[in-house]
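Below, each structure is written out as structure tokens.
Next come two complexes built around chain A: one with chain B, the other with chain C.
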Partner chain A sequence: MSSESLLYAAATVLGAVGMWLLLPRPGERLRWGGAAMSVVALGLILSQISPLGDMLSQSMFVVLGSVTVIAAAAAVTFRNPVYCAIWFAMMLLGTAGLFLLQGAHFLGVATIVVYAGAILVTLLFVLMLANPRGNAPYDRLSWEGPLSATAGIVLVGMLTMTLSSVLKSPTLADDLPSALLTAQAVGSGNSDTEQAAARNGGQDILSEHHSASLGGRMFSAHLVSIEVAGVLLFAALVGAVAIIAHSRSVRSDKQTLAGKQAMQTPSTNGRAGA
Partner chain B sequence: MLEALIKIVVVIGAIMTAVAYFVLLERKIAAWVQDRKGPNRVGLPLTKVRLFGLGQPLADGVKMMLKEEYIPGHVDKALYVLAPISILAAALATFAVIPFGSVWPTDGGPIEFVVAPGFDAGLIYVFALSGIAVYGVILGGWASNNKYSFLGGLRSSAQLIAYEIPLSLGILGIVLTAGSLKLDAVITQQAETGMWNAFVQPLGFIVFLVAATAEAGRMPFDLPEAEQELIGGFHTEYSGMKLTMYAAAEFMHMITASFLIVILFLGGWHFWGLTGSGDQITWVTALIRVGVLCGKIFLVILGFMLVRWTLPRFRFDQLMALAWKVMLPLGMVNLVLVAAMVEYFPGAIVDRPLIVFLGMSGLTLVSLVSMAILAPLGSKQQPSTLDAEMT
Partner chain C sequence: MNEVSLLHGFLTIGALLFGIGLIGFLSRRNMIVMFLAVEMMIQGVSVSFVAWGRYHNNWDGQVMVIVMLAVAACEAAIAMALILMVFERSGKLDIAVHQRYREDNQPEYVDRDLPPPEDKAQVWPNLTPAGVEPEHDPEETAYRSHV
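Moving on to the complex of A and B:
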């Protein structure tokens, strides 16, 4: 085994144990130990990422990536669901920042609008409405802790390993997804690298009107997927309305029934008295 | 890099100063409406010069900063501190994509009056940050651990989510006519045709105006902090600097809303026969454009402040019904109308502006009248039935 794979193995084991220690479960947990181990594992993995471009984009990437990963870990390890939701929002901001760093303006902003602006706010709303007095003990536990911790850290490690090995080998660099090269171009802001990225197929992302071209692409090449998603959403909407209408009719039946009984009770009493 | 930093410093300084003086303006207008004099004592510091009370913002700021940083014992400390920071940060970050004018001609090429000129999705960015601002309100309400604050936070999140939909429907009409998500492009399109979007899509303007007022939490939509019902709503437990941050963020939301209204619907820096339309301009034209934009924004903000003392507050079920039963259908109608116009009469805005204006105004009138006949806000919706529905 090379030193590199040893390092990845060490990082994976450390990270898995650290995450497992962090996950909420009954009784005491070694939170600080788990946090320290996870941070060391994250540092080991980060050290394997080869430089993307100049110092500025590299440091931005490292900061945003670390924020995203740490916030994601915190989102699953906190006990209070409101805190989990806030950490999840932080993770979304980090993801959006990574998208912006790659030059994908629309995707980055849409992430915030859809997830942080709509879904998560609704979730928070429900959390606060559902149990303002705190939550039940079984809500505070994580299920299948060791397995999920291992799966998560292995995923992060494998992704980093694959990407960094692709970046390191010179022969494979031509086959890179255009987004990786564009990251260099956007970060450096150098017109030469921008042209180089454009030659490599990155012009869609770097173009001034990339939102417009994205829309054109979505409604021509991916029209069927868009339509299917639209039909699904519409069905969900109809389903939601149906559920509300059903529960409302049931409740109003009960109410009218209760009302009739309430009306009848005094009269029957009166008759009985008479 | 340096250019961007200078722009950031200038924008933040200008916005914070503007917020301070808008507070004074609001107090003055409140006094004027209520037949009082308002703050008129504070002038230059350490002298007896009064200057019509223009020193008041300085005195207010110093007072707020020197107040004790008091954190009540029953709050969730981390979130209590985080909430005002997040709302202020989101409100300030919005101004990164908002143009404060057109361009400034220099030898090395024109300098744009935007902090982030190359940003392609400016409209959705503003929209996204208004979504982030919701967190400040609901977290503040929840972390305060107080029934009034909590109610304010819940009201606010429901209201903001509901009114984001008509807001986005209003924006979609603009995107259709402008063909871009850049705020610059929207202004340029209006300046080139000379037809402000308020004339092309009056229905969209009405929907957007109402939704933007609700998003900014201004009267008559200030349910989250209704003083008479909730003491102070989500910021009941806040004081000192944190309360200042909330208040500043609230005024910034109003300024952002005014910028959006002016840029999207009232032509931005354009005024007929005064500002020209191209990019090739002298510095006199550039200054006039900034002046026109600021003047329009000042008028819109003045309107917001007069509305505050003119209209009574909605009841909560009326507020929700207005969003879902009135504004949402009207926004859809506007979107369909604009889409049909763009598809079937593509050159009509340039060729026959009068016909477009009259036709769209007529259709707006028709939809408003039919909405009034349908009357979804009628007396059938009593609070008692609504409570039963919500539980």
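Moving on to the complex of A and C:
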């Protein structure tokens, strides 16, 4: 067993125990210990990524990645669902930063606008409409904490170990895809960028006209998927309105029925109309 | 920039997001938090898609993420409508409410070790008040419900 596998095994065990300690459970002891163990596991996993070669990108990546993962862990472990939603927004900001770091400018902005702007606000609206009083007991319990923490972290451990064994193998550098060489040529500002892009079917993901190129690709090669997404959005809109309208009509039917019964027998049950 | 280690780093972050979302989905009982965990898994997959798109110098990964954004928005609308409807009927956001749809021969799930009720009131996030507090209209505050 190599030292690398040992390191990943240690990270998996530490992460599983840490996440279990962090999850809501009766007693709530050792939560800070769980947080520390999870952070150590994250550090072990991130330490296996070879440096990006560029100091600025490297520090940006480490900061954004840590913020994203720590906010994600906080979002699933906090007891109060409002705090969960706020940590989820923090995770979205981190992900948007990672997208920007990859050169996906449009996606970075779209993530903030659609997720943090629309979905999260809808979610907070529902939380405020529901407004369960106090800390509900079901927010302070979890289903099978140790088992689910182990399942998730073992999945992460296997994925990261496989990634590291495949992507760090020395043979990979010899057979880089031609597209990657194109990207490197583009990244270094090479003069024959256009030639390189032409070799790759006219695609150049780091071009200056980012949104124009993305839109061109989207509305030419992927026109059908975009139309399907539009139809899906419309269907979801109609569906959501239908669900709410149906529940309203059922409720008002019940209320009128109960009101009639209460009027017929006023002395039996005063709270029937409530 | 070293493209292979960039891919490695982003796929690692994607795997971590997916795994943490899986833990949240399996273990949490609040339906809204479970929904957040599913969105987190979708984000993990999006990060991986963008990383592969960059690696192959191909727009299709980003286009796929845009379609996923649209699907996630649809899913959020439907899920929120359903959660609100269930909440109106049962008064709980607990997923265990759905155990009434179990088979006839299955035993009912009962919470074994309930945590003791908390003494201190729940603390909601709030903003620090700034500036001079204006005079309150007593009639207006009488009609406003306590939030």
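To be clear about the criterion, the second predicted complex is superposed on the first by the 186 of 274 C-alpha atoms of A that agree within 3 Å, B and C clash if a C-alpha of one lies under 4 Å from a C-alpha of the other, contacts with A are read in each partner's own complex, and residues count from 1 in each chain.
Throughout what follows, a contact is a pair of C-beta atoms (placed from the backbone, for glycine too) under 8 Å apart; a residue touches a chain by one contact, two chains touch by 3 or more.
Computed from a predicted structure; not experimentally measured.
When the two complexes are overlaid on their common chain A, residue A:S211 makes contact with chain B while staying clear of chain C.
In the superposed pair of complexes, A:I112 makes contact with chain B only, with no contact to chain C. Using the contact criterion defined above for the overlaid structures, shared-chain residue A:M91 touches chain C, although it does not reach chain B.
After overlaying the two complexes on the shared chain, residue contacts for A:W32 are found with neither chain B nor chain C.
Once the two complexes are laid over each other on the shared chain, residue contacts for A:T160 go to chain C alone; chain B is not touched. Applying the stated contact rule after C-alpha superposition, one finds that A:L129 touches each of chain B and chain C. In the superposition on chain A, contact of A:V121 is made with chain B only, not with chain C.
Taking chain A as the reference, the larger set of touched residues comes from C, when chain B and chain C are compared. On chain A, the surface touched by chain B in one complex and the surface touched by chain C in the other have residues 82-83, 86, 106, 110, 118, 122, 125, 129, 132, 251 in common. If you check the complex, the residues on chain A that touch chain B are 82-83, 86, 89, 93, 96, 105-106, 108-110, 112-113, 116-118, 121-122, 124-125, 128-129, 132, 208-212, 248, 251, 255.
Those residues of chain A that touch chain C in the shared complex are 19, 23-24, 26-28, 42, 45-46, 49-54, 57, 61, 65, 68-69, 72-73, 75-77, 80-86, 88, 91-92, 95, 98-99, 102-104, 106-107, 110-111, 114-115, 118-119, 122-123, 125-127, 129-130, 132, 134-145, 147-149, 151-153, 155-156, 159-160, 163-164, 167-168, 172-173, 176-177, 179-180, 182-184, 186-187, 200, 203-206, 213-214, 217-218, 221-222, 225-226, 229-230, 232-233, 235-237, 239-240, 243-244, 247, 251. For chain C in complex with chain A, the residues that touch the partner chain are 1-13, 15-24, 26-30, 32-33, 35-37, 39-40, 43, 46-47, 50-51, 53-60, 62-63, 65-67, 69-78, 80-85, 87-89, 91-96, 111, 113-116, 118, 121-125. Contact residues on chain B toward chain A in their complex (touch as defined above): 78-79, 82, 118-121, 124-125, 127-132, 134-135, 138-139, 142, 150, 153-154, 157-158, 160-161, 164, 179-181, 388-389.
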